[in-house]
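The following blocks contain the structures, represented as structure tokens.
Two complexes, one shared chain (chain A), two partners (chain B, chain C).
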Partner chain A sequence: MGKPMTMEKSMSTERLHDARASWRKGAFFRKKVLPWLFVAPILLINITVVLGPALSAGYYSLTDWSGIGAANFIGLDNFRRILLEDSSYKSAFVNNLIWLGLFLTVPIAMALVGASVISPIRRGALFFRLALFVPYVLPSVIVANLWRTLLDPDRGIMGWLTDQGVPGTDIALLGRQNTVLPTIAFIDNWHWWGFLMVLFLAGMQNISRDLYEAARLDGANRWEEFRDVTIPGIRPVLVFMVLMTAIWSFLTFDYIWILTQGGPAGASEVLSVLVYKNAFQAFQAGYASAIGLTMSFFVGIIISIFIVLRRRGWEI
Partner chain B sequence: MMRASSTKSKGTRELSLIPNYTILSLFLLFAIGPLLVLLFNSLKNRAELGNNPLGIPTSITWDNYPRAWDVGNFSTTTLNSAILVAGTVAAVLLLGGMAAYSLAKLDLPGGNGLMLYLLVASSLPIHLFLVPLFFFWRQLGLVNNLFGLILIYIAVNAPLAIFLLRSYMVQLPRDFEDAARVDGASEWQVFTKVVVPLSWPGFLTVGLVVSLAVWNEFLLATVFLTDQSKFTVVTSYYNFTTQFSRDWTLTSAAAVMMIAPILVIFLIFQRQFIEGMTQGGMKG
Partner chain C sequence: MTSRRRYHHLIILLALALLFTIAPTGAVTQAQDKAQVSMWFNSTGGAEGANCIIEQAIDTFNEQSDDVEVTATLQANSWDATRTALAGGGGPDIVTTPGPSFAFELAQSGQLLALDDFAAEYGWTENFTPWALQLGVVDDQLYSIPSEVETLVLYYNKTLFEEHGWEAPQTLDELMALAEEIDAAGIIPFAHSNAEWRPTNEWFVGEFLNHVAGPEKVYQALTGELEWTDPEFVSAIELLTEMQQNGWFMGGLDRYYTTQTATTFAMLAEGEAAMKIEGTWAVSDLNTYFGEEGGNANEWDWVPVPSAGGDPIFDLGIGTTYGINKNAQNPEAAAEFLSYYFSPEVQATLAVECGVVPAPVEIEPDALEGLDPRYAEIIAAMNEASEAGDYGYTTWTFWPPRSDVYIYDEIERVWAGDTTAEEYLQGLQSLFDEEVEAGDIPPIPER
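Our next item is the complex of A and B:
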């Protein structure tokens, strides 16, 4: 910036004018163009992979596209089919809601308990934090298969319980329509809750010790401490993770696909499974795009609820 | 849980934590127990596994490991996964680092708009763009092509990388860069010679988190790599467990071989991993 200015005095008016013009041109390049050159490569890749196909999914959702060849425009027919004809869509949507209910309660409760029992201890705190986090770094295929063997009705934990004479354990949890979805949620949660716990723990460690002292002087017991000090103290993390859980519950795929592919008889089908099956097995890419669009719609609704509540003055 | 009294000696304080340690031990058993069973089963022969599917092996056999390595075609799949990880991480660090530099240090005009775009792009469901992307990639010949999948991984991991690196670079004092600029360094030189060396812990964190994400990734790998010779360790394991679903000695040995490197690297860099993953979670 300084260079052209210091040279000014030794220049003739004409040359000064030129220098100023080229400096201005340089400034335009340096301030407006160059920063975008640094951003351009990764932005172009992201637009090609994410934005472009996402927008074209909007168009294909209005067609009968098979994935190969031409796509005929059929208006809102795919959405009519979703709303009125496709019973598998309804049951998949209900399964997403069940999944949402399970994940808004079980892992959050487990993580809150875990974090609040680790938080006050000194000895072994790091060890426990690490050990409980370990399942989160494992690949889904390994976790899924490990638990498939552990829950095997003949040889796994269930088989062992049956051998011990525990009644009602002689069942294939993943093979029955009424147990399959909670069982997959249990397996997914085994890998997930430790991550949540570490987030909550980080939040709890930022709460001032003085607040707990004050609560104790007021005669609060541990439950009251937890309710009145801990929960408000980690509220930002808690609310954010409730939001993310709600979003992810509509997108869940890996564990269900790996363990049952939506079976038995569609009992564990969720929307993402329908997208996959319609696109890559039934070759109804247009219809699959329409389902994918409805998934984004639900995510959009959740984010909007969050924003509206925040505007209304909820401290979230 | 026990009531905490305000006058406590050190001894009773330790004592009052007994419920905490009890609960933690149960959680520990829940989290690590299954992994021990996996390790045990990988060291049993098939006859013993039939009699004792959950307990400690009475005699140890190592045969399952070389057998799983061959049957699972690990020499090919490990190479494929390594190429995917290396390619993605190199590109995400270079290109994401450049974008982060521009946002943090060059006052990118429209920077807030870009941040908003990245936020939206990172919260779009993969299933929304997956279908058109697949058929588009197939036209371009990028299906069953490691480079094609690397491009997708770069795009998907870009927002996280840019957010984390940007937040790291914003904290760097401007003095160093300005000194370099006065000495006539170009912005590219400022980036590579000044900002990158100063923010390498951020690059390390992002590199580790992205490596793990790519190594473990299932959905995109299963859709875009359908040819057996292109399988990753993860998709190959998925295929392998459907083929050998009843031979738990083999599937357990394969699983241990896949987990071991992850665990070793995780334990060495646990601080960076946890920091990167929790911040990534917090930033969507």
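Our next item is the complex of A and C:
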């Protein structure tokens, strides 16, 4: 009995050993290989459509590439031109900063107020959410042309107001240097703020009612409830959307291109419009790449600020 | 029984599948016997024109050719698509560009096939007007063929002019005086806007440079014998700026920047505006907005854009060029099609049936029967100027690409009063010098 028992024991130990080894192999596969297999398709796509072009843009920014054919290496000449010669770049950069300022304030404030007002509504809540969200799902070309017609001083709302004798309405807002950028920002904002509002609303609905009741018991008014309960309650969403808004503001292109192509007299020209003009109209793809890289640099600064804040313990 | 029935059904299905497979294969085999040639047509802004060309030129060619078949594809933003495809080693066999300066860039970067042998074989050198064909020459080799010779003229509402007793102007002084009179009558002098096509600005810059300083001076500047800062060029830009700042273009700068093109035509046809400096491409729109089709009883007419001395000057341009992709599988077949496409007969058909401005080939007047007589007059006058070599220069044809973009972008700063005409032209000169140094200047035919 003793011997066979030992053999059995030894066999079962071997099996156990094998099983453990195979489990370890399986665990290694599950933990180390399988996740990469799941990620691989999107990783491949991103390498193809993001990393590849990004690296090639880095290379072309050091060349005089026209967009077709051979590219000659010219060192940092494109960046020298950006810094020292191109006045359009400076005015476009300033316009980007104005755009950033507008989008970090107006739509976020509107969305916070909108979400706070809609949040307590129970009956018809879906209607309000949908009505305010719908502009976000409309294509930019539709929204731009809709507002172009509405703002037409002869045919649109402005024309109607002029006919009613409202002073100061007989102007083409998209045709004046001092009004064009805020007008395009208004149109873009019209489509954008509803999306922000829906996100903030979702965040607000996760805040416990008890916190509001406790605040009320402490004598908080509506503004204090908003400041001390709502804002801290949605801070992660709020900060994330501020980050995304800041990034997208630097990349904005569609509304400006559709409505004015950067005009009049460069008053609505932003960096992305300069990239397009240089790459596709002036055969300056190398220079356009350099401008594109500077845009990435500014976006990188914005992201870095958020990373630093997070490391310093901000809940974002 | 059941399994036998199933077996029969299977046989029938297989037979049908075989039949369907064989039937198209026969047709495909027949088509594949022909050398295939691909080309793209721009469909942005509507495919009506492209479809007409396909029907009148491509389908007819395919019907009569035993060995070549051309496949036409409608492509949105076809020029951007073509450039991108060419950079990636693909693209259509027949490469169309929006003008010689674009073809020049493609030829310089080795994307096009030299056409000299085909030009000799098909007699293109004799068929095409020399100056126009010369625009496709890079480093002594022909790379592109010009299509659609364009010019700009002064269209006006003839009925409105007759009602007010106004005479169509010949000199720039007459034009200025007339515009003032029209403005005083509460009518917009010029139905111009750039809301849908910002490069519209360059039409006017080009017209004023040629018509104030004269084409000879423009030629000298293009060939480096004269600076763009010459006082006569400065006067030209100042005159244009004065007209803009007077609000003569659409009633004010803000309206010029925002009015839709259709509205400008409608206002001209309705008599709310009096004149329009625009290219030969505008004729079909004029016929849509004037007369019965436009719901009014008004008529349009034209005169050459007035010049300082009153001599008629036609600034010529090439709207499209055709070339052959260096990677084309059947370049000989592509050249055979191009030869057919640019024959006077096909060009005349395209002009009459599709409203396409003909290529610079000699077309018998009889072949243009059915064309609007006013349009036929413009073509005849333009051809006369072209053959005599006494023509002006459009910016999109004869200027290098960066200078061209500068011309239409930066002029808005002059109109806005942010910069002066001298500063604008100094900027143009320094950019032009850079492009000359880089060898980016399109070929300028000798005068």
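The rule is simple: the second predicted complex is superposed on the first by the 270 of 316 C-alpha atoms of A that agree within 3 Å, B and C clash if a C-alpha of one lies under 4 Å from a C-alpha of the other, contacts with A are read in each partner's own complex, and residues count from 1 in each chain.
The rule we apply is simple: a residue touches a chain if its C-beta (ideal position, glycine included) is under 8 Å from a C-beta of that chain, and two chains touch if they have at least 3 such contacts.
Keep in mind that what you see is a predicted model, and the values were worked out from it rather than measured.
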| item | value |
| --- | --- |
| Chain C versus chain B on the shared chain A, clash or fit after superposition | clash |
| Chain B versus chain C as contact partner of A:V50, first or second or both or neither | first |
| Touched partner set for A:K32, first chain B, second chain C, both or neither | first |
| Contacts of A:R227 with chain B and chain C, given as first, second, both or neither | neither |
| Chain touching more of chain A, residue-wise (chain B, chain C) | B |
| First (chain B), second (chain C), both or neither touched by A:F280 | both |
| Contacts of A:V137 with chain B and chain C, given as first, second, both or neither | first |
| Chain B versus chain C as contact partner of A:I68, first or second or both or neither | both |
| Listed stretches 62-70, 80-88 or 332-340 of chain C, narrowed to the one that overlaps chain B | 80-88 |
| Touching both chain B and chain C, residues of chain A | 67-68, 148, 152, 155, 280 |
| Chain C partner contacts - residues on chain A that touch it in the complex | 64, 66-70, 148, 152-155, 171-172, 174-177, 260-266, 277, 280-284 |
| Chain B - residues contacting chain A, complex | 1-4, 6, 17, 19-21, 23-24, 27-28, 30-32, 34-35, 37-38, 41, 49-50, 53-54, 92, 95-96, 98-99, 101-103, 106-109, 111, 114, 118, 121, 123-136, 151-152, 154-156, 158-159, 162, 182, 187, 191, 212, 215-216, 218-219, 223, 234-235, 237-238, 241, 248, 251-252, 255, 258-259, 262-263, 266-267, 270, 273-274, 277-278, 281-282, 284 |
| Interfacial residue positions of chain C with respect to chain A in the complex | 80, 83, 86-87, 105-106, 108-111, 194, 198, 252-260, 263, 401-402, 404-405, 409, 412-413, 415-416, 418, 438, 440 |
| Residues on chain A engaged by chain B in the complex (per definition of touch) | 2, 30-32, 34-36, 38-39, 41-43, 45-46, 48-54, 56-57, 60, 67-68, 110, 113-114, 117-118, 120-121, 124, 128, 130-142, 145-150, 152, 155-157, 159-160, 190, 194-195, 198-199, 202, 216-217, 221-223, 225, 237, 240-241, 244, 247, 250-251, 253-254, 257-258, 271-272, 275-276, 279-280, 285, 288-289, 291-293, 295-296, 299, 303 |
